[in-house]
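Next, two complexes with chain A in common: one pairs it with chain B, the other with chain C.
Take a look at the complex of A and B:
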């Protein structure tokens, strides 16, 4: 029992937890200021998510891309890079999988994996542009990846308009049935919620994340570079190559996420007027998850529930859905400024120390 | 075809599109010159566009054509207040400045639409404003053929933006305040040693940054769109960051870059009018500012180097 308490009072666990609570409280204050009942709203949120099989299935659908983009951001973080470009990597993953999904006519066991691999490679290459510029020319990856997000958005629209969208339409042709990764029997069980193999791939990706970083030599190098690039250099590691590698693998996660969104959920790609947002949410997911694979999965579940459940807040308590963005923003803010959180955490840690002695 | 008229219109539109970018990139300049990364320009612009529109809406019936001015000033104040958490996190709590900026961008996008829906009974955008800024023609000068329409018939906010470029240059490079600002951004330890209050300078810079970026946002809602919705700003804060870097953290450079990116937007409508889209897809024109920024940062088009202490929290105890 003491062991359990020890896990829950560890700082790495407490800071995100307190940040989440502070974020929800900030949301509650915003709701009170707007004349809403926060308790009723949060209850309505949970009722929406857990109220019906369809909504529960759709929540899983919402969680899946967040796992991918969360992993994309977290992986680069481990090598000391801030991958703010998961958004763009996600988008090019969508483009590549749509291209493969629409253009080829292959047996399903080749077509679907090929479309996913195309998304992974596209996302990886897109990510490694920022990695290469960092390694070869010393350019801050934050700014380049922000810029690449917007380039990806317009690039995607151009590719769709030029090659895949029939004249006068706003979305591409449907992908071939052989590239679809929707699980129809599972969908049927959840009242046709859009469930797909991508969720399983996301879990496998999280395991892959763990194995490569903590069980392989190249993962050791990636982490070493993240902890201290100078020491790694002296130890004979090629820092630049690891930077590009980290961005490539991170980009792959996001790219697969984009591919699964097309192949499993929409089956077509539409013209985008703004960023889809999964990449940005991935930053929040990675931060809350402490850049660990298990943490990312748990944080993705939380954010998936919050974003999908926000529609319930609107229905049940009249609260505009945007409120949940305020909650997520506050959570990110409190994780960033963990100095503020520690003011709240300190008394708990102190108590534990006194109790232990 | 009157090429003079076409060119005149192009310059005219360029100034309209560039104004918001000039305000915001100048805002970014103060913050980054003091050593605080500000990728929250987008969020600060959103708050400005929102505050400007809502305050103008509140006063347009009672104050008439003065209302946009009230909205504009309120936006500046709102932006400064909104920037405060960024300063608290990055200066006092030594938070990761990029993450804090990301949080503010999220917050602005959520909060502005949330409040809009509360104020306007669930609608995702404000009603169209009956009072917005109208263009000022400079007496005498605007009668000059072509040039008059191009330069001397602009929104008052555009004139203010150009004056601010000069003021910022003067303040940053010709006054003790500017010297301190730059010292804090280049070498905070040295600045601290000679008695400059690093924290105070950085707080001031971040709040000026918020105010100016918000004025940029208000410029959009009070001149071109006449309302506020979720996509009023749509990425212009990031173009402003691009302009700041492209302009090498110098006011005149930032203005030049903002004008250049403004041309890219103005040309877009021109390209559509002449049916040139079959040769140059509009998507590529949209992409241009971002691609150019990457090329500049990579040193392919002239080197651009940031203030030395940019992004580094100042810790009095460290070496």
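Take a look at the complex of A and C:
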């Protein structure tokens, strides 16, 4: 029992938790200032998410890509890289899986995995472009990966227009049924919410994240490079190779996320006029999750609930969308601003220490 | 120091709790009056909702226009405030859940605004055959969906007539958003109108690939004006804000350039100095009329409604008289009559 309490009062757990509460309180103050009832709004949010089977299923649909992009950012972060490019890696993953999904006619047990692997490889390669430029030329990965987001967006639109979109349409042909990863019986149970195998793959990816970083030699190297590249080099590790590797694996996570979005949710790819946004949300998810796999999954759940539930706040309590963004932003703000939160946490931690003595 | 901080943190927390408590008390009577208002409302009570596309409800364009239509409905029919509502979509993944939210909540009619929502609305309509839905700008083939489309090419033809008459450089421009059938109708109608008046006038056409990028609109407009064009017609939603911005800059430097606005009367937003006229598309009227028909039990599910010049669904803004001389407007009116009578067929594909 004491162990359980210890886990919940650990600083790494307490800081994000307090940050979330502070964020929600700030949001409440903002809503009060705007003349809305925050209690009613938060109840409406929860009602939206948990109120019906359909909406609960759709929340899971919303959470899934956030786990992938959160892992993509967190993985690179462990090697000391700031991967802003999850967005672009997500998009090329979509393109690759659409290409495989539309073009081939294979048995389902080969087709769907092949489409996902195509997405993973495409995302990985896209990520490693930024990694390679960093390793070989010392170009800051923040700059390259953010630029590559735009390249990916317009490249995707060009590929779709050139090869997959019938004349006069705005979206590609439907992917073959054999590539679809929607779970129809589960979907039927949830009132035709768009549930798919991607959610399970996301959980497996989080486990893979943990195993490779903390249970293998190459994971040790990746983390060592992140903690101190100079010391790692002195110890005989190849820093450049690890940088490319970290960006490849990070990109792979995002790429699979994009693939699952196509194969599980849309079943086609539309021309995008703006970035889907999962990659940028992934940065916040990784940040809230403290760059740990469990943290990322939990943060994605929180983020997914907030974004999907925000429609409920509009619907149930009349809070305008702009104000809902303020609530989400203040949660992120407090998570990012550790220092402020620690001021609030300190008295609790101090008390615990005294109690221990 | 630490003690002070801990006291402060407790104070902040309790203060926010107190504030939250006040809020709930304050809001309650508001909710009650809303409910009372509903009880005293007149006989036909319907609940109509709309889902915007990614442009959002303040896009200065057709989403906003549609919402104005619903607000008018609420006022005219004396409906309670809560009987019209909208949800804004931030990505295309949200179209289906947003539409479903209203449908499952048994709203009488749910609107999807925009071509991009077609497939998604169809999915929701097939899954909920008892619901009633309607869509602007797209054809959805389902027995419980009424599709409303506009003959943008007819209205744009008149914009083309005005542009060809007013251009001094004999060069006019067109800035499109994404190259989809709707926007193509604007382009083709505009070009046909220009050529009908004067075949020697050159039309420079550019698609920006986005409805929400004013920066791209500005740079595109800059390059088109740079080629000697003096009038640009834009059909690009929020991207067009940048076209107006560029025109304003050039006007300030003494150049004689104009913009023809789209969807709403954009001279109201951007001023008469740069807005020559606007090709208005009465999305608000369409939303209003179809929703109102529902109160009289007239819902034409499965039907595709085309609104053109004859139905006053499209046309030039009434404020055109400020910048366009009377003889030009008269000519436009003549063309309008010819189109309505079917003497001229404007190409749409």
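What we mean here is this: the second predicted complex is superposed on the first by the 353 of 357 C-alpha atoms of A that agree within 3 Å, B and C clash if a C-alpha of one lies under 4 Å from a C-alpha of the other, contacts with A are read in each partner's own complex, and residues count from 1 in each chain.
The rule is simple: contacts are C-beta pairs under 8 Å (C-beta built on N, C-alpha and C of every residue); 3 or more make two chains touch, one makes a residue touch a chain.
Bear in mind that the values here come from a model prediction, so they are computed numbers and not experimental data.
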Chain A as common anchor, with chain B and chain C clashing or fitting: clash
Touched partner set for A:38, first chain B, second chain C, both or neither: second
Contacts of A:338 with chain B and chain C, given as first, second, both or neither: first
First (chain B), second (chain C), both or neither touched by A:280: first
Which superposed partner A:140 touches (first chain B, second chain C, both, neither): first
First, second, both or neither for A:82, with chain B first and chain C second: first
Chain B versus chain C as contact partner of A:265, first or second or both or neither: second
Contacts of A:162 with chain B and chain C, given as first, second, both or neither: first
Region of chain C that runs into chain B when the structures are aligned on their shared chain, from 97-105, 151-159 or 241-249: 241-249
Overlapping contact positions on chain A, where the chain C interface meets the chain B interface: 154, 157, 273-274
Chain A partner contacts - residues on chain C that touch it in the complex: 2, 5-6, 9, 13, 16, 19-20, 22-24, 26-27, 54, 56, 82, 85, 87-88, 90-94, 96-98, 100-101, 104-105, 115-116, 119, 127, 177-178, 180-181, 209-213
Complex interface listing, chain A residues touching chain B: 30, 34-35, 82, 84, 133, 137, 139-140, 142-144, 146-148, 150-151, 154-155, 157-158, 161-162, 273-274, 280, 283-284, 287, 320, 322-326, 328-330, 332-333, 335-340
Chain A to chain C touching residues, read off their complex: 25, 28-29, 31-32, 36-40, 48, 52, 54-55, 58, 61-62, 154, 157, 168, 170-171, 192, 194, 261, 265-266, 270-271, 273-274, 276-277, 307-308, 311, 314-315, 318, 321, 343-344, 346-347, 350
Touching residues on chain B, where the partner in the complex is chain A: 37, 39, 85, 88-89, 92-96, 98-100, 102-107, 109-111, 113-115, 117-118, 122, 231, 234-235, 238, 241-242, 245, 281, 283-284, 286-287, 290-291, 293-294, 297-299, 306
